[in-house]
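Which chain is which? They are A, B and C, in the order written, and residues in each are numbered from 1.
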Amino acid sequence: MTETATRLVPFDEALTRYEPVIGLETHVELGTRSKMFCGCPTTFGAEPNTQVCPVCLGLPGSLPVTNAAAIEFTIRIGLALNCTIASWCRFARKNYFYPDMPKNFQISQYDEPLCTDGWLDVDVQSDDGPARVVRVEIERVHLEEDTGKSLHKGGSTGRIHGADYSLVDYNRAGIPLVEIVTKPVPGTGALAPQAGRAYVTELRDLLRALGVSDVRMEEGSLRADVNTSLAPAGSGRWGTRTETKNVNSLRSVERAIRYEIERQAATLDAGHRVMQETRHFHEDSGITTAGRSKEEAQDYRYFPEPDLVPIAPSPDWVAELRASLPELPSARRARLQSEWALSDLDMAALAHADALDLVAGTVAAGATPADARKWWLGELRQRANAVGVELSALSITPAQVARVSELVASGVLNDQLARQVLDAVLGGEGSPDDIVRDRQLAIVSDDSALLAAVDDAIDAHPDVAGKVRGGKTQAAGVLVGAVMKATRGRADATRVRELILDRLGAA
Amino acid sequence: MTAELTRMTAAQLASAIAAGEVSATEVTRAHLDRVAAVDGQVHAFLHVPSELALAAARMVDDRRAAGQPLGPLAGVPVAVKDVFATADMPTTCGSRILDGWQPPYESTVTRRLREAGAIVLGKTNMDEFAMGSSTENSAFGPSRNPWDLTRVPGGSSGGSSAAVTAFETPLGIGTDTGGSIRQPGAVCGIVGVKPTYGGSSRYGVVAFASSLDTPGPLARTVLDAALLHEAMSGHDPCDSTSIDAPVPPVVAAARQANVEGMRIGVVTELSGEGYQPGVLTRFGEAVELLESLGAKITEVSCPHFVYALPAYYLIAPSECSSNLARFDAMRYGLRAGDDGTRSAEEVMSLTREMGFGAEVKRRIMLGTYALSSGYYDAYYGKAQQVRTLVIRDFEAAFEQVDVLVSPSTPTTAFKVGERVDDPIAMYLADLCTIPSDLAGNAALSVPCGLAPDDGLPVGLQVMAPVLADDRAYRVGAAVEAALTERWGHPLLDEAPALAAGPGRSGTDD
Amino acid sequence: MSITRDEVAHLARLARIALTDAELDHFAGQLDVIISAVARVQEVTAEGIPATSHAVPLTNVFRPDELTECLTAEAALAAAPAVEDQRFRVPRILAEE
């Protein structure tokens, strides 16, 4: 089914007439060893249907038993998000039929979530201008079980539309899922797309710091649904919101919000109403398309899960968990900024490049903060951009970068050689030390070896040598270049220059 | 000797086997022969794996010969309601939708029974997915009451009840959700017990109504029921609703059988219109008997009991509409209509249409209705509030008395076909039993005679507080002992002998 | 009339049961009677009475975060109506557009 070309209003123009309100629903796969209600493993990538049992397959007669670690992780998430932890709550059944749900109901939470009413402060960076702090309020954090995964066969795209049949793998069914729902976030204006992205980024970092999930969007352990609505500027009311799914990266969060603003603005400009619906984000084109409108009519017939008993976390236990929370990302950033004596702008640059952990790791491995930043934001970022990946995806570790930095600081390498070493590490040739040794990249530090090259250069350029002897020390540059070439760069240029001038009596 | 073996109680058989007076193999063989002789008429069993049963019996004999310790029920046959998952034989729940399904795992209760040395003689007939009071809702035809083969054996555990009554097995297990152990026990003239909810594990019990389902024993004597109760009960970490407390001392209570000084309350509301006069007569006599045995009798009003039945018929269908959603042709069981053109949704709907019987469909729709947004508060929500009031009625009553008594069911066994077209008439069979299911407390049905109007068995129900199952056994045993003495023989001696007629041929191995 | 035939048809759709027309007529009548009967619960004033979801009050029943034995894929798929690539094969999930 083809769509007629969707009208869009350019973003900046849309923002002159409309105010966006955004909301985000994220699902986090918890990194527990076993599943939510049974002892099956949760490891990613196993052979299909090898990590299942009567419980997560929902076989007749099976019963769920709650994973204590999942409760603990969820409470810690709630505490880190400044939520109130329920003193008593229950699981509920969400009833609907779908082949990836073995029981045709999902054990979730409905009107009694484990955590409510929190907040997360997020630094939102625009491309020009200072960072703004946006307080994103959290409506609820609750626990549920994940579904199985389907492969759709027979259609041309592997998507569900046009498929002839599907193949279901239940390995993922029953993995604990935490759902974090924000309250609507008004007032971000033109920063709405970045605000959405910044929130998901900050949330991801917080979850990683808590150690509750590996939060990899590309593996599906962190999933985001984005809600967007527009209302006429100054109207004081909120518009109808759409929910956009299949947002699989941080960048997509930003793009999806942006697109929805442009699309909804065109709809409203034309005098039409925005339909409340679920939309699907397309990575390749950056657009959203309408999903199945059937989903809107769902009555999930929630009722308290009779196979599970209520959860009543004791105040002592909650206090214990609160006391054991690790340093949260925002606090860590403030501390590092202070330790490294960085300006807000410099700090923001690190965040923007998603380089904070990498730099911190490099500093921890012995580099100075300045050097660490220089390498990551300079040479390495160039290389990452050249192949279109994130910094963290480069095949070099903070420890290796620190080693290269140390080799330069101790005079074994100069900057140019260091760049060669970095490329070799990225190319998989081994550790920095291996490479220096194997390729003989170390600077020649022995003057006597250099002097031979110096003499050769002087002999080869008598007129230049003459000028230098005559007092034109700048001309020595040519001779330095010749020596560097002769030694294939394995010389300290400053030292070479000293030797030349000394040799020519012009020191 | 074979005929005698099938007339022995489980307690007698267990001792005899342990003492080496008879082999487990002989006992199992005798009961298999009895099944072969009479089950063609009674239709208690859906599946009889003779070879497996004999192999299990041989293992008991080998253990005994090797001097190894034997479990408390070693060599004693038990019939298992086909709602329990058994890893070595099919589980149908009396339904076409699971016809042929072989579970890849075992229920906790049957595992415990096997560990106690009991021999699983076979899987018994039941109302489909435990919904019914007669076994007429079974997809495989009803079972028959051995007292009168034109009548129902009660339900939904009618197959297990009939099997015990017909001497095909000394022990049977069933599940009680609205009365499905006690009512069949009562109309068959045997003992049926609903333990405290959570006292026996539901892991491996195909769910009907999760907050109500309770596995329990059926036997010909109170002591036998107690022995089975102990062997099958106890905390199970695989069942979150399972109670982590010791099993109440039911065997000791059954042996003690003394009601001297006990305060017994007769529930005012469980009598009157709709109750068969003959049932009320025998019930009244049982109460007098208890008084003569030294108990103190009072009348106790439980005013919200009259709302228990409607509340149950909202809560149970609601839970079952959700529990039965998993039967969708995708992972196991029947798949109908998959011709390569239809969608999953269509195949699901056609399969469920073909695979479920009328009563199951009715309850699924009723439950879907009661949980719908807009109706939830008035129906399901309200029913759960009524449930609280029923619990409070019990709590208040148990402050005045130690146990409550009533008839187990308003009438004796009705005729096959008599109530199938009138769901409400069928539901009324659960009037007396439902309150204890809602409140989760223990309740036992013990035979208290044959109704004078039709000569059919009548059951006395004894209700005890949560985790005080032993009190019910104490009273049941006292009544049983006194009545057996009065009659001069066990009640079942008066049951018509089932002529070895068109039997059940072959084995289901 | 507490429930109409159309409402029953809607319930059947929600519950994924393809009732025949005859069944719809039959069940509509029966459900009407049953719903009237169970509606009796509304006679009870339950102002301030909490709902009971679990008769025997337990809380905080957990299991430790440890691995237990899984089924083999063979056992998991043994009863499946259709299998392909070690997965459960199911008919197309969307209705025809």
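By our rule, a contact is a pair of C-beta atoms (placed from the backbone, for glycine too) under 8 Å apart; a residue touches a chain by one contact, two chains touch by 3 or more.
All of these numbers come straight from a predicted model, not from anything done at the bench.
Visitor: Determine the chain that sits nearest the middle of the structure, using the mean of its CA atoms as its centre.
Guide: Given all protein C-alpha atoms shown, the central chain works out to be C.
Visitor: Give the chain pair, either A-C or A-B, that is connected by more C-beta contacts.
Guide: Counting C-beta pairs in contact, A-C comes out ahead.
Visitor: Among the chains, which one keeps its Cα centre farthest from the Cα centre of chain C?
Guide: That would be chain A.
Visitor: When the centre of a chain is set as the mean of its C-alpha atoms, what distance in Å lies between chain B and chain C?
Guide: 24
Visitor: What's the distance between the Cα centroids of chain A and chain B, rounded to whole Å?
Guide: Those two chain centres are 57 Å apart.
Visitor: From the mean C-alpha coordinate of chain A to that of chain C, what's the distance rounded to whole Å?
Guide: 40
Visitor: Mark out which residues of chain C touch at least two other chains, giving numbers and ranges.
Guide: Touching at least two other chains: 14, 16, 53-54, 58, 61, 63, 71, 76, 88, 90-94.
Visitor: Which chain B residues sit where two or more other chains touch them?
Guide: 101, 104-105, 211, 237, 240-241, 321, 325, 328, 330-332, 344-345, 348, 368, 372
Visitor: Residues touching two or more other chains, restricted to chain A: which are they?
Guide: Answer for chain A, listing residues that touch two or more other chains: 54, 57, 65-66, 97, 99, 166, 168, 299, 303, 306, 308-309.
Visitor: Which stretch or stretches of chain C touch chain B in the complex?
Guide: On the chain C side, the touching residues are 3, 7-8, 11-20, 23, 27, 30-31, 33-35, 37-44, 46, 49-56, 58, 61, 63, 71, 75-76, 78-82, 88, 90-96.
Visitor: Enumerate the contact residues on chain B facing chain A in the complex.
Guide: 84-85, 91, 93, 98, 101, 103-105, 107, 202-207, 209-211, 237-241, 318-319, 321-322, 325-328, 330-332, 344-345, 348, 368, 371-373, 376, 380
Visitor: Contact residues on chain B for chain C in the complex?
Guide: Contacts found on chain B: 101-102, 104-105, 196-198, 211, 237, 240-241, 243, 304, 307, 310-311, 313-314, 321, 325, 328-333, 335, 338, 340, 342-350, 352-353, 356, 358, 361-362, 364-366, 368-370, 372, 378-379, 381-389, 391, 423-424, 438-440, 466.
Visitor: Which positions of chain A touch chain C when the two form their complex?
Guide: Where chain A meets chain C, its residues are 1, 32-34, 38-41, 47-54, 57, 65-71, 88, 90, 97-99, 150-152, 154, 160-161, 163-170, 292, 299, 303-304, 306, 308-313.
Visitor: Which bits of chain A are touching chain B when the two form their complex?
Guide: 54, 57-66, 93, 95, 97, 99, 102-105, 166, 168, 299, 301-303, 306-309
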